[in-house]
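So, here's a batch of structures to check.
After this come two complexes, each holding chain A, first together with chain B and then together with chain C.
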Partner chain A sequence: MWGLNLPIVLALAAIGGVLAWRRAHTLVWLLYTGGALWAFFRFGFAVPIPQSVATIYLGITGLALVCYASSSRERLAETVQPIQRLILEPRYRLALAGLLVALPALAAYNAYVDLTMPLEAPGFGREIHPPPPTELTVHDETIDMATAENPYLHYKHDDPELYGKHVENGRRVYYENCFWCHGDGMGGDGMFAHGLNPVPSNFNDVGTLPALQSSFVHWRIAKGGPGMPAGGTPWDSAMPAWEKFLTTEEMWDVNLFIYDFNGFEPRALGQH
Partner chain B sequence: MTGHANRPTQAAATLAAVALLVALPANAQVDLGTEEQQAAGKVVYDKYCGQCHGDTGDGNGYATPRVKPKPRDFTTGTYKFRTTPNGTLPTDDDLRRIIEIGAPYTSMPGWPNLTSAEIQNVIYYIKSFSSAFENPDRYAEPIEIPRPLESTEESVARGRVVYEEQGCAACHGEVGRGDGPSAPTLVNDKGDPIRAADLTQRWTYRGGPTKEDIYRTFSTGLNGTPMPSYADSLEVEDRQDLVSYVYSLGDGDDPNYGTLITAVYSEEPIDLQDGETLDALFESAPMTRFPLVGQITEPGRNFFPPVTSIEAQAVYNRDEIAFRVRWHDLRADTSGRNNPSLEVPTWDEDNGIGGDAADDTGDDFFGDAGGDDFFGDFGGEEAPAEDDFFGDSGDDFFGDGGDDFFGTAEAGAGGAEFSDAVALQFPASLAPEETPELKPYFLYGDAQNPVDLWFVNLTYGVADTFRGRGSDAIEPTEADVVEAVTSYDQGAWTVTYKRRRSSRAGVSFAEEQYTPVAFSVWDGFNRERGNKRALSSWFYVYTEPSVEQAVAGPVLRAALIVLVVELLVVFLVRRRARQKAAEEAASGGTLTATEAPAV
Partner chain C sequence: MTRNRILFGIGVLAFISVIVTVRLGGFLVDNEYRQPDRQVAAQEEQGEAELTPRQQGIVDEQAADEAEARARPYEEAEYRAVPFVGSRVTVWVLAQLHLLFAAFVLAVPLFAFIIEFVGYVKKEERYNKLAYEFTKLLSVSFSMTATFGAFLTFGLIILYPKFTNYLMHIFSPTFLPYVLLFFLEALFLYSYYYGWGKFGPKMHLFLGFMLNIVGTAIMFIANAWLTFMMSPGRRDDVDGDGVPDFVSAVSESGALLSLRDAFFNFTWMPINIHRIIANVAFGGSIAAAYAAFRYLQAKTDEEKAHFDWMGYVGNFVAIIAFLPLPFAGYYLAAEIYAFSQTLGIQMMGGTFSWLFVIQAALIGNLFLGANYYLWLGMGRMEGGVHFQKFIKWLLIAIALCFAVWATPRYAISSVSEIAAMGGSSHPQLSYLGQMSAKNTAVNILILSTYMSFLLYRRTGRQSVHPHRQLLTRAQAIVFSSAAALVIFYGVYGYYVDAAIRIRFAIPQVYSVLAALVVITVIDLPLYRNAAQSGETKWGRMPAVSQYALIFIALSFTWLMGLMGYVRSGLRQEWHVYGVILDTSPDAYTPTLGFATQVVSVTVLIFFGLLGVVFWLSSLGGKKDWEPKPVADGRDQLEGGQAT
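Now for the complex of A and B:
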């Protein structure tokens, strides 16, 4: 549910509940909070989140915990007191020795795992929506990217029948050309998607089509992977430059169709 | 069997069942849904299904000419994946199963976004396309699928005997790679060529990879295809043993696609002519499987490549590096021509679609290009810029194969027009340090960043090198000598390449270097040539260090650093405590001293 690994999240919450009920010591709370956050980022999500994101969050929350612990002289004293006792009091000598051995062992194990981890191909970041050019020339026709709109979109209100014909033509174009990668249901999960890197765009995603102007989509369709600036790693993209295969009208029609199918509207002009 | 106590209940159950049968004849199973349900199903169908299965259910949608296997024609009432006996109709659950999970490695996806009710409505609508579903005689009870056996050695051995006795190898091949002698000739009952399953790649089984799925296929057959039912000819136990055997052929449920070849170092010389030593050398190198998909980005598009993956490994010594690739192909085509730049006509032309051929096939999606004044150019790939890309549009395309997708009748008889081939692709030079992500265009490179192709036409079995600066700029090159040996065994091609690690003009393979690599495979039987190919995106080959990296050093260092920090903390805390105690003692001492006279 909500992309969470519920058993883990509930277990963490339960432990927190028990600690609250037993009025746990500040140090225990701090250790619990740090550990629980780590476990939450590591195991709490049904879909693994990027390591870098988890590291940033853990870094910030770690800093916050330190700030909390040192926010007043009393709290700091309360926090470090058990540690001082562990180090100073003779009756904890055994526990201290154990800790002195256990922590380096943990560090050694961590280093060993790091060193023996199976190799992975190097990965590089890329811009998902690279900046478009200011002008776009397709089949000798130049449009202004900032102001151009899908020329058939207005039929939706002016002439629904004609709009329907354009959408249907777009449907034909889509299922003759696009679904191998972008999928029958447009989830970016077509039958060839597993063999491509970057993966094909998911048109069901509310953060994709609705966030883009139809002129941007037209640019991506007409110029494809090779038409992207370097930030989009054009050499990896399998998106064809559809101007090689389709007429301008067909490209606008399929543009219309992918919005219509998903019930989305292109981002309006000047809207951010 | 159950004890005596259960007998009366059993008898009662049997009686009740008989009574039911008498009261309600077999048409109790006929459930076509209400008109409202069918209408609701039509809405879902028109949005998600009609593009392939046709708006009238005849399996003739927009995508149909370009997909393989063909979408189901719902007007026939013939279904491949059923729990019901051969020749009968599927249950609603059978239809639901395929709608939910799809058929792997076909154009039928699963539809997890549809609700249970939506799927049921679609099932009602699909059933309305064929009158067979109104006929009670066409229904039958699902077969019983027993709990699968453990794949013991004995069971697998018995299954092998069944496999041989039943002639499974005729289509599926001696070791199950879908390469039997009959494999190239197979067609379904609509006359469309189809392929025997590659039993070693369980993840591609259309009907599912589990033992239950396999047992079901043996017991019900795949209606409309040459795959028969063995319900009458094989006992349940025999079928279970056969399941054990077929399952044992499989290379896992999952293809475990990787992203990296790890090239391992060896002191040994690499001699391509010494097969045994070469095999031993590669034994130590990890094998990685990479996914292949159709080249559909540039003209010469390939919408249904039969080869869906390739395995690769690499070894290197002081001077040389060797790559070995392996893939499955139902037949070795070693008589035709092929090379990376061989021209391919437009897809429609190559497949007999458009012009007169369209009238012949009754295809109404591409044929009436000029007739429709609203949509204008219907011609698929006949784009305005077409002339720039296909120089040979005047050729006689229909003479060489017409509308076949998986080889012509002549091809089935022996010689194919195009030979099988494979290519490794590397960048001509490594990316500069400041832009490590930079690579040549994965489709044969680009003008700024060329690629080198190590191409083997399996007719000749030797490696030719090409330099690619884009799909329309591929030139033979002789800067480096690449050697190759090839073999075809029981449906599997193996090609081993060798080259000096350092190159005069191309990429050199230094130790601990990540080098981009991509693959292309051409299946001559599928008339693949030039840019009509199966290809991969960029992956990497990593040349593992020749000297094994010591693990002990870094591990000890990590432990030591932590220990030192710990000891430091303990030391500081204790010193502080001592100082405090000393201060207290000192101040206490002063106090004592000042108070002393009073005592």
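Now for the complex of A and C:
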């Protein structure tokens, strides 16, 4: 449910419930919260979250817990009191000795785990919005990237029949050329997608097509990976430069089709 | 004691200097060229020897060099290099240091003037003293600003002569007014500082007012220069089609067409607004850091109480200015996007987008630090325990919003993580990386921080207003409604197109601002003449609270450096975007890691220099030096010399 690993989440919630029922001490709550969030970020999702994000979350958690423990003199005194008793009172000497062994052992285990982690090449996240040029020349025709729109988009209101023809042509072009990588449903999961790193763009994503002007999409289709800008090199895109295989009309049609298929509108000029 | 330490330090330095000089001299003597042939060497000493082939070679080389120098025509250099660090990093660091001190010098008079004015209206001397304490920091900082301004100017002239010449071609009519205003600023600043207590209150307030006007005008002129480099033209609907057009201030070759358009360019006003607000937030935090520095040094309860209050006021100023800052930043970013899709995408979706994740982490830290300081501040008041139970819930809200704000849209992942996620974005967490979630998070952060402030304000106080229950409930309803509205638009944003979603930011912002205003308007009469359950004990703060203030100042400074780099670096290979290309060896965009290192080093240098400013400013409060009395009744100098 919701992409969560339910047994883990429920187990953590149950422990929290027991602590609440037992009116646990502040220090116990702090240790539980830190541990439970670590376990949640590590095992709580059906699709594990990347280590980099988990590190950010755990950093915030740690900072917040320290802030809470020291947010007043009384709370700080209450939090450290069990630790002081553990260190000072003779009856806890065995527990203290155990802790003094356990903490370095835990650190050593952590170091061991880090060292034995299999070496892995870093993944290259596909940068979804490379900055476009100010002008684009395709098949000897130059367009201004800031102002250009899909020349057939206005048919949607002016001539729906003609619009439908362009969309149909775009559908043909898409399923002849694009679906191999971008997928039947445009989820970026075509049959070749598993062999590509970074993976092809997912057009279902609400943060992708609607955030872009159609001129931007036209640029990506026409120039592909070889036409990526110099600013963010090295680019690693397998997208072909479709201007070498398709006519300008076909490229605008497929542009129209991917927006139409997903029910999105291109970002308008001047829109933030 | 101090004198002994200084003498000891000088002694150590002198010793090191002697050793270095002797070693250097020895090295030079050891490496001096000597004639291998004793007879030739002897003849040479007597002036009888003919030139050896080596000597002849040297003479010929010198003659050839001279002839070449005479034959070479004069050429203007486009760029000059700085060894090791490079021209760009040199100018970058100098500009950043100049800007940091300038921001401080512009901000402090702004709130010193307001505090002095409050003191004048309320007839309370303590405000006057506090304003003076803030102003003490100005004198040295002003000199630092001017020094780094001169460094930067010479740096530009020496290292980027051709481009500097171009900027002079465009903006030469603005330089003289700038210098004149700078002179006036010095006049008003020093008369404001040295005239404290020497003029009548109205005259002194007038000086403070003029200082602020002149300082702001200076910043507006300098902002025109830098924003021109990013957006060399203005926005206007020239063809009357309702869509704004870009009207370039220069021709394609870079020749000036309109100074007015170059000055009042596309991003000029957004930068002005953003900088004024950010300067106040930054200045408040630095002044609070100074108070923390003095608090930690304080020996008496009176000193502690004074600097505790000063730190509180400085931090209050910083946080009040900080609350609208994300909106001003959003306005600036939106205008950059509207000016150029390329710049906008470069900033938020391209190379620079990762810096915004760092920015989110820093801003989250700022919110957390500010709230933490307020919670600790509740300890100043008797009866502060009552509100402690709310801290847990506020902290949960803040930590959650912080986490949402710091969630990247596309995470740094290993190959196996990407394979497991089916792409660079996590199926669940990627929702938190979008603007809907971010806008919601920052608005809730602002509301939570304001709630912390309200709780702090009420600690140890009991309202005596006849309708206190009704008014408190009204405040709770306003607060909950604003929070509900923000969350509603945040969630609804996922179900609509980007074109509509982006507009949801406006009702979110307005509902939060309206809630802040309405709650404040209710709170003022509600707690007027409130019964105090105990006395506010200024100076009763744990040391960690003062480190929180320094941490906040550090975060602000780092943030300014980082975001300043983003704004400037966006131009990439352009000096003036779309007009003048940067053809120097430094034209490439540095890696994000390198950029953050430069920013970090600059921040460290700034804090080192700030330490000097703090030290010099604190000297005024120290006792005058006096000779040590000796047992036999005669005075004796500390060094042992009898007078």
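Following the convention adopted for this analysis, the second predicted complex is superposed on the first by the 261 of 272 C-alpha atoms of A that agree within 3 Å, B and C clash if a C-alpha of one lies under 4 Å from a C-alpha of the other, contacts with A are read in each partner's own complex, and residues count from 1 in each chain.
To be clear about the criterion, a residue touches a chain if its C-beta (ideal position, glycine included) is under 8 Å from a C-beta of that chain, and two chains touch if they have at least 3 such contacts.
What you see is a predicted model, and the numbers here were worked out from it, not measured in a lab.
Of the two partner chains placed by superposition, only chain B is touched by A:100; chain C is not. When the two complexes are overlaid on their common chain A, residue A:28 makes contact with neither chain B nor chain C. By the touch criterion defined above, A:121 lies against chain B and chain C together after alignment on the C-alpha atoms of chain A. Touch criterion met: A:197 reaches chain B and chain C at once.
Applying the stated contact rule after C-alpha superposition, one finds that A:189 touches each of chain B and chain C. By the touch criterion defined above, A:6 lies against neither chain B nor chain C after alignment on the C-alpha atoms of chain A. Look at A:70: by the touch rule set out above, it reaches chain C but stays clear of chain B.
Of the two partner chains, neither chain B nor chain C is touched by A:14.
Taken together, the two structures place residues 120-122, 125-126, 189, 197 of chain A in contact with chain B in one case and with chain C in the other. Those residues of chain C lying in contact with chain A across their complex are 243-244, 334, 337-338, 340-343, 345-346, 348-351, 361, 364-365, 368, 371-372, 375-376, 378-379, 384-385, 388, 391-392, 395, 398-399, 402-403, 406-418, 420-430, 433-434, 494, 497-499, 502, 542, 544, 572-573, 578, 589. Of all residues in chain B, only 47-48, 51-52, 61-63, 66, 105-107, 109, 111, 113, 257, 259-260, 262, 291-294, 296-299, 303, 365, 374-377, 380-381, 383-385, 389, 435-443, 446, 449, 514, 536-540, 542, 549, 551, 554-563, 566-567, 569-570, 573-574, 577 touch chain A in the complex they form. Considering their complex, residues 83-84, 87-88, 96, 99-100, 103-108, 110-112, 115-116, 119-122, 124-126, 139, 165, 169, 171-172, 174-176, 179-181, 183-185, 187, 189-192, 194-197, 224-226, 230, 233-236, 238-240, 243-247, 249-250, 261 of chain A touch chain B.
Against chain C, in their complex, chain A makes its touches with residues 2-3, 45, 47-53, 56-57, 60-61, 63-64, 67-68, 70-75, 120-123, 125-134, 145-146, 188-189, 197-199, 202, 205-207, 210-211, 213, 216, 231-232, 264-265, 267-272.
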